[in-house]
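Labels A, B, C, D and E are assigned to the chains in the order they are written; within every chain, residues are numbered from 1.
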Amino acid sequence: MSLQLMDQETKVDKDVLLEIRGLRKYFPIKKGFFQRTVGNVKAVDGITFSIKKGETFGLVGESGCGKSSAGRTIMRLYEPTEGEIIFDGKDISTLKERELLPYRRDIQMVFQDPFSSLNPRKTVGAILREPLSVHGLYKGKERQEYIEKLMDKVGLNPSYANRYPHEFSGGQRQRIGIARALALNPKLIIGDEPVSALDVSVQSQVLNLMKDLQEEFGLTYLFIAHDLGVVKHISDRIGVMYLGNMMEVSSKKDLYAEPLHPYSQALLSAVPKSHPSEKKRDRILLQGDIPNPSNPPTGCVFHTRCPKAMDHCKVDIPEFREVRKDRYIACHLYNDEVASSK
Amino acid sequence: ACGGNNEPAEEPTEATDDATEGGEAASPAEGGSVILGTSGEPVTFNDLYSQDTASSDVIELIHASLLESDEELEMIPGIADLPEISEDGLEYTYTLKEGVLFHDGEELTAEDVKFTYDIFKNADYTGPRAGDFTELESVEVVDEYTVKFILNEVDASFITRSGYGILPKHILEDVPVADLEDHMEYNRENPIGAGPFEFVEYQDGQYIELVAFDDYYEGRPNLDKVTFRIFADTNAELLAFETGEIDWMILPPNEIATAETYDHGRVSSVLALRYDYIGWNNDRAPFDDERVRQALTMAIDRQLIVDEIMDGRGEVAHAPASPLSWAFPDNVPEFDYDPEGALELLAEAGWEPGADGILEKDGEKFSFEILSNDGNVIRRDIGVIVQQMLAEIGVEANPRQMEWGAFLDQINPPNYDFDAVVLAWALALDPDPTAIWHSREIEAGLNNISYRNDRVDELAAGNKQIVDQDERAAVIGEIYEILAEEQPYTYLYYPEQHILLNNRVEGFTHHPRVNMYKVNEWYVTE
Amino acid sequence: MISYIIKRVIMMIPILFGISVLSFAIMYAAPGKPAILNLDPEISPEVREAQIERLGLNDPIPVQYVRWLGNVAQGDFGTSYTRKMPVTDMILDRLPNTILLMASSLFLAAIVAIPFGVISATRQYSMTDYGVTVGSFLGLATPNFWLGIMLIMLFSVQLGWTPVGGISTIGADFSLIDRLKHLILPAFVLATADMAGLTRYTRSSMLEVINQDYIRTARAKGFRERRVVYKHGLRNGLIPVITMFGLMLPTMIGGSAIVESVFNWPGIGKMFIDATFQRDYPVIMAITMFGAVLTVIGNLIADILYAVLDPRIEY
Amino acid sequence: MTQPLLDVRNLKTYFYKKGKELPVVDDVSFQVNEGETIAIVGESGSGKSMTTLSIMQLVPSPGGKIVGGEIFFNGDDLLKHGQDRMFKVRGNDIGMIFQEPMTSLNPVLTIGDQLMETLIYHKKLSKKQAYARAKEMLELVGFSRIDEILADYPHRLSGGMRQRVMIAMAMSNDPKLLIADEPTTALDVTVQAQILDLMRGLSDKFNSSIILITHDLGVVAELADRVVVMYAGQVVEEADIVPLFDMPLHPYTVGLMESVPKLDVEQDRLTSIAGNVPTPDNFPTGCRFVTRCPLAFDRCAKEQPELVEVEPGRKVRCFLHEEGRNEE
Amino acid sequence: MATQPHIENQGLEVKDNQILGERRSLLSIIVTKFFQNKLAVFGLVTLAVITIACLLAPYIAPHDPAYQNLRNRLGEPSAEHWLGTDHLGRDLFSRMLYGGQVSLYVGFASMLGAVTIGAVIGAVAGYFGGLVDAFLMRAVDVILAFPNIFLLITLVAILEPSINILILVFALLSWTGTARVVRGEFLSLKKREFVLASRTIGMSNTRIIFSQILPNALGPVIVAATLAVGSFILAESALSFFGLGVQPPHASWGNMLTDSQSVTIFRTAWWYPTFPGLLILITVLCFNFIGDGLRDALDPRVIEK
């Protein structure tokens, strides 16, 4: 019995590239001469999810809910406050920077701002050379050829290698960013709103490029975005975050067909219609603003704005659990449902 | 008066003072006031502790002393007549004038004199003058107006110690001597003396105001008011004179040309009791060789320096004395400007031109540092001028300036770490050369160039015991001759002091040492 | 706010402590002795030694420092070696003069610099702007002792409008006109560099503000340019300028040493120079500390003003 | 129909940089009728903002200049009158809100000050009246705790709240026209939904006209009655909302619509427009879309197409449709 | 699996070969922008002339700068002495050339020292933040709260006023401004995504600091450095006023100006205070013009938008 279970688990593990368990990232608020910590911004407050090999996991949520913090913590750009980041079966959450080096090749990141994500003082060629030189890959002419190939891959003319970022448009810069992420042949690419700063016509080019590259290299994506259309387009599964917490993780189909968490429902209902003659959606207008992450509400963090809030939502923290097949929700509505069904 | 010794005339200091003397001056015009420019902040108005000109200038006006020195540097009567000196030269008896009053109306008596001079002898005395009174045994009050000083050894210079401002016993007798120096209640806030002017107010950094003392023993001064205005910068001082904001100032030589263009002012110049020199470290090669020192003197065109830097005002010096002094020798050896002669002498001493034109001896270059302090522009320039003059005979002199404190530290005991130094001595009234030239003064005294000559030691040791001035002058003269011959210093020049004063000020007498000389005789015409 | 100020005041302590340690160490550890000890060659070595002992200069420097600190804690900065006066009295005597001079300079700098800076910014690239730019650069480039003497030659000697120096006419009763006549030149000279710097700073700050979105909003609301610049722009533009005042204090204190010398202004700047040359340690220490306190307080005031003027800053 | 509220004709706004002439708004014409909401869509740099800033005569200067055209507002050519006239129009007849709610309010003045200022300035209200009106406006845009908000400074408000304040401010003088330059771009969807609802409500209530600038077709679909599509400083298509969404005519409009991922359609790949938006110093001769147009032919590279009315109320700038019409 | 990443080159259907605008390197943008500023160009040219003249002093100086002719003190400008002579009869023009070497050397060397210290400390504080930053910034506060000229005078007076001590003291007291600027730049730059990107590829801190951030923080540093040179030349002249600047026999513009500060010289030898004074003024002015021009030209907004 137990053997069987073990078996099952290892099997699951084989599919899973990245598993996040109870990840927290608190930013200390420091004050005074001795930089005492007087409080914490709970940017990421215990999220759990996993990403299978080759899939795209979309992470959505409103501004400030902790998407980027989550992405950067997983990337180990921020020290995790707590929790495990299991990549390819190994917990990398506590590795030292030196021990991390091999993983740096496997996980790469594409950033949001095409202006700020490229060093303005370096040519494109130099930018693309950096990852190779840090990891000591290719030498001399080979390296040059590899870079040309890379540029070609992302749809840039390799003859532009000696140009500076300011000479490129936003979309082209984002391609450079993608090429840089691609250079080390990673397994996982974390995209932190990689298209949200782009013009719509260019946005689709980049989305297409990312999809093509995924197919070609069998990449796995953690795709952070706030545009629900974009997330839907690119993702296989989607996690919805609110105030540092994961509210819902479902497959794309399930989520858009029938969002379960009241927050997901509100979020989806807010998306403008895509055709004028489409009938007006039933908007679930949320009251108030997102609370301050340094002082989140007790109980369910969403209870202050939840149209379906119940009394005990203010007190009890809902468990994040699988309420339907492959659908994980943190909401007392479903907890109760599960509990009563038992 | 002032210490029997010489002191380096440097910026922040020099204790000069002598008692003022009352003249029999008629009063051509009463009333009016003058404003004097001064460059330092006075520290104390108590003569026993004063060390700076700014203080002693004011003290001259506030206090009266037993004797004073006139512009010929002769001692003349002050509040006392010239003393009667006993046969053995050990007792000095002074008779005070009657009716000399302190500013608070109390009469100045023999008690006050004794009180004042006893302080010097007190073990708790913290001031700088204790050394002047080693020969003084005791002071005795004979009667109200007679006071007797008893010495333990003959001291021909003792009479020059009679210039200290007499303190009022009735005010200060309860102050412990140990605390007197810091007793600012009297020393700065309310000094009471018997001098011609009464202290009114001292505004720190701005001015000191004095008014005429009506009951001054020589009669009320002509002026109603004398104000010292404190300046930080000579340019401002001169310009203030130009605009009529001040009436009197000490004029630096480089501004004489401007001052002479003023219609409302005149420049008065006298030789100062001082000489400027370059001191050679006699302990160090090559300056341990007399010929080298003589040659260096011959290589320096001192007349040119006087003509150009001193604007022709001053005299080339040949001996460590002042022409003003009665001990000044008539004929001492002179080393005039003679670069060729210098070269010959140096060759004699073994110095020959090297490949680069610089003299060499035993492979050593003739190269040294000539030190001056950074506050003094003229001395600094002299360093530079000398550099060029010596360069012409192949001697490399590198001028270097040092901060005053560090400078003194370096040239004085126990360091004596210098090759040559540009300095000056402001001389005392008494010409006793012991302190500077006696070899016992090398270890801790003023003989910082380590000059040694047995004959000089011998002559110097006895000079103070010679009561007869002519006899003593001969002895001192011999010392000067030796010093002029051996050139332990290169004596540069005897400078003049220049005073610029407004034409409306009359009755001014220019004293070579005392800035505030006979101010009670000054008067103003409008 | 109050608690913020208290916190800031407490924060000043380590800074002042650091300064005191540093200056003490620099001074006392340096070779050479206070000049007063060297002045009088007549003083016998024994007496000199006794004096050094009396001043406590033979003790190890940390011991001297602790003693000094102990006295300072009781408000006693010691006695000046050269002036034989309690240093505190000396400074309190003259500090008002220096503060008067600095305050006038700051005032002068502000009333000249701010309008010019604003005009320069609102007419960017105009002749006025060029003129102000060149003028302020000239102000920044002029050695102020030279400027001081030139102004005296011109205004005091040639034109006779102002006195040559000093703080008031000696012997005259207090009069505001007289005081202002004495004040104007030194205050101006002390202010030049800061005036120029402040003009540049105001200009760039205003330029920055003028390109902000809320200025566009104000324009879109139909306000006239004057209102846009002065009501909506100026207050924002001046906030960073205000902080400059705090930062200007240390340079002003420094500049006061020169200006006070040139204009015979009886302040602590000149006193400091004298003390330095005479190695009058207690005076140097005390003025350094006063200067530091003034600077730190200047910064504090600037920060507080910032907080008052800028509602975005909360405590 | 009566005269339009706003009639922009052949507007040209050029920038001059280093001797180069940059035609950032080039021959733009459109009308806004009373009560109508028109949307100007186009990608970044297409000249949307400059068009509206030209209407307000707030083109950044030096550098930018309106070099031609007419702007009739209520039948009156605004460009003929000087700035003086504009001071009465801006903030009074035409209100404007901007994209960046975070920086568009003056940080050192309270919300109350900023709201009341326009009222006092334009409508000469007393302080008290202005205060009452300001309260009213804030209530209208959905605030509670109004007195507190009025006394508060902008930085205390969230982005959505600030944008509502901006709307209240722009609407407080009952403008006939509200220009909203990307009012929701910087906001989250949930907040965007609130703001869009609010704007729709207000335009209905006051019957004011709105020019809505956006690059989000969803927003257009939600709010607009008519759409002006801009590309590279020119209007390339103008149509009523439903026909446009049903059948966009200009290849650029087509591309734009197809490149946006839609919630209700499952697409494996998005169709996209090749290349990049050209910058004004680099506009192609001929049709400005020629470098990216999948349907371009020889003529497109040589000649500039005109904006022609292909159907009543529908204009396109494309040779395909010019010809198409000719054939008919 | 190959250790080297490998990409099959198939090409994509969207090949983005359009480049925006004409080709302009970073340098040419900066240079163009700089040369648009007339004052800056004026400053640069004038300063170049002054600097070159000073450097070539041994070849172009008509006289030995130290040679005194006491018989020709305060001589008027003439064919022999173009700018007249000083109070010791030395040729003013030659002295100004040689003095310029010293003044410029003091200015540049102090600037190099100050900027190096400031840049390193600012970089460390800004990049690592936390306690390191807090500590370093308190040190900056201490030095900033020092009445600078007081410390300067004390140090120079107590140590010996030699050129190198002067430079040392200038550098030790003046790095705080640069440190603050660099720290500020680092604080904002280290949050920029390209720095994060460098970390994602595993680049070391040192390399990030020096190859990624520093070049981007250089703009304000260069500006500060330019202005600093001028301010040090000025500061040297202020110290000279107290007799604490460069010491004779070395000439510097500052000590020449100070030596000329006498009423008599003002009245009878206008050339003596005028020329060194003008030279200081013009040189400092030039540095300020250049600094201002560089500030505009190096503004990152110029290239990024």
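Just so it is clear, contacts are C-beta pairs under 8 Å (C-beta built on N, C-alpha and C of every residue); 3 or more make two chains touch, one makes a residue touch a chain.
It should be emphasised that the depicted structure is a prediction, and the values quoted were computed from it without experimental measurement.
Undergrad: Could you tell me the least number of steps, going only between chains that touch, from chain B to chain C?
TA: Steps on the shortest route: 1.
Undergrad: Let me spell it out: compute each chain's centre from its C-alpha atoms, then which one is farthest from chain A's centre?
TA: Measuring from the centre of chain A, the most distant chain centre belongs to B.
Undergrad: Using the average of all C-alpha atoms in each chain as its centre, how far is it in Å between chain D and chain E?
TA: Each chain's C-alpha centroid was found; their separation is 49 Å.
Undergrad: Could you give the separation in Å between the centres of chain C and chain E, each centre being the mean of its C-alpha atoms?
TA: The answer is 24 Å.
Undergrad: How many angstrom between the C-alpha centroids of chain D and chain B?
TA: 91
Undergrad: Can you list the residues of chain E that touch 2 or more other chains?
TA: 14, 16, 18, 20-21, 138, 157-158, 261 - these are the residues of chain E that touch more than one other chain.
Undergrad: Counting only residues that touch at least two other chains, what does the list for chain B look like?
TA: Residue numbers touching two or more other chains: 235, 239, 242, 375, 403, 405-406.
Undergrad: Give the residues of chain D that touch two or more other chains, as numbers and ranges in rising order.
TA: Residues 272, 274, 276 of chain D touch two or more partner chains.
Undergrad: Over in the complex, which chain E residues touch chain A? Could you list them?
TA: 3-12, 14-21, 23-26, 130-131, 134, 138, 192-194, 196-203, 207, 212, 215-216, 300, 303-304
Undergrad: Along chain E, where are the residues that touch chain C in the complex?
TA: Residue positions touching the partner: 39, 138-139, 141-142, 144-155, 157-159, 230, 234, 237-238, 241-242, 254, 257-258, 261, 266, 273, 277, 280-285, 288-289, 292.
Undergrad: So in the complex, the part of chain A that touches chain E is made up of which residues?
TA: Of all residues in chain A, those touching chain E are 30, 33-35, 72, 75, 77, 97, 100-101, 104-105, 107-109, 111-113, 115-121, 130-131, 134-135, 137-138, 146, 149-150, 152-157, 160, 163-164, 166-169, 171-172, 175, 177, 180-185, 205, 208-209, 212, 216-217.
Undergrad: Help me check something: in the complex, which residues belonging to chain B touch chain E?
TA: Interface residues on the chain B side: 234-235, 238-239, 242, 254-258, 261, 304-305, 307-309, 374-375, 377, 380-381, 383-385, 387-388, 398-403, 405-406.
Undergrad: For a test of understanding, state which residues of chain B touch chain C in their complex under the given definition.
TA: 3, 5, 7-8, 10-13, 15, 33, 35, 41, 43-44, 51, 128-132, 181-182, 184, 187-188, 203-207, 209, 225, 227, 229-233, 235-236, 239-240, 242-243, 245, 375, 403-406, 408-409, 412-413, 435, 444-446
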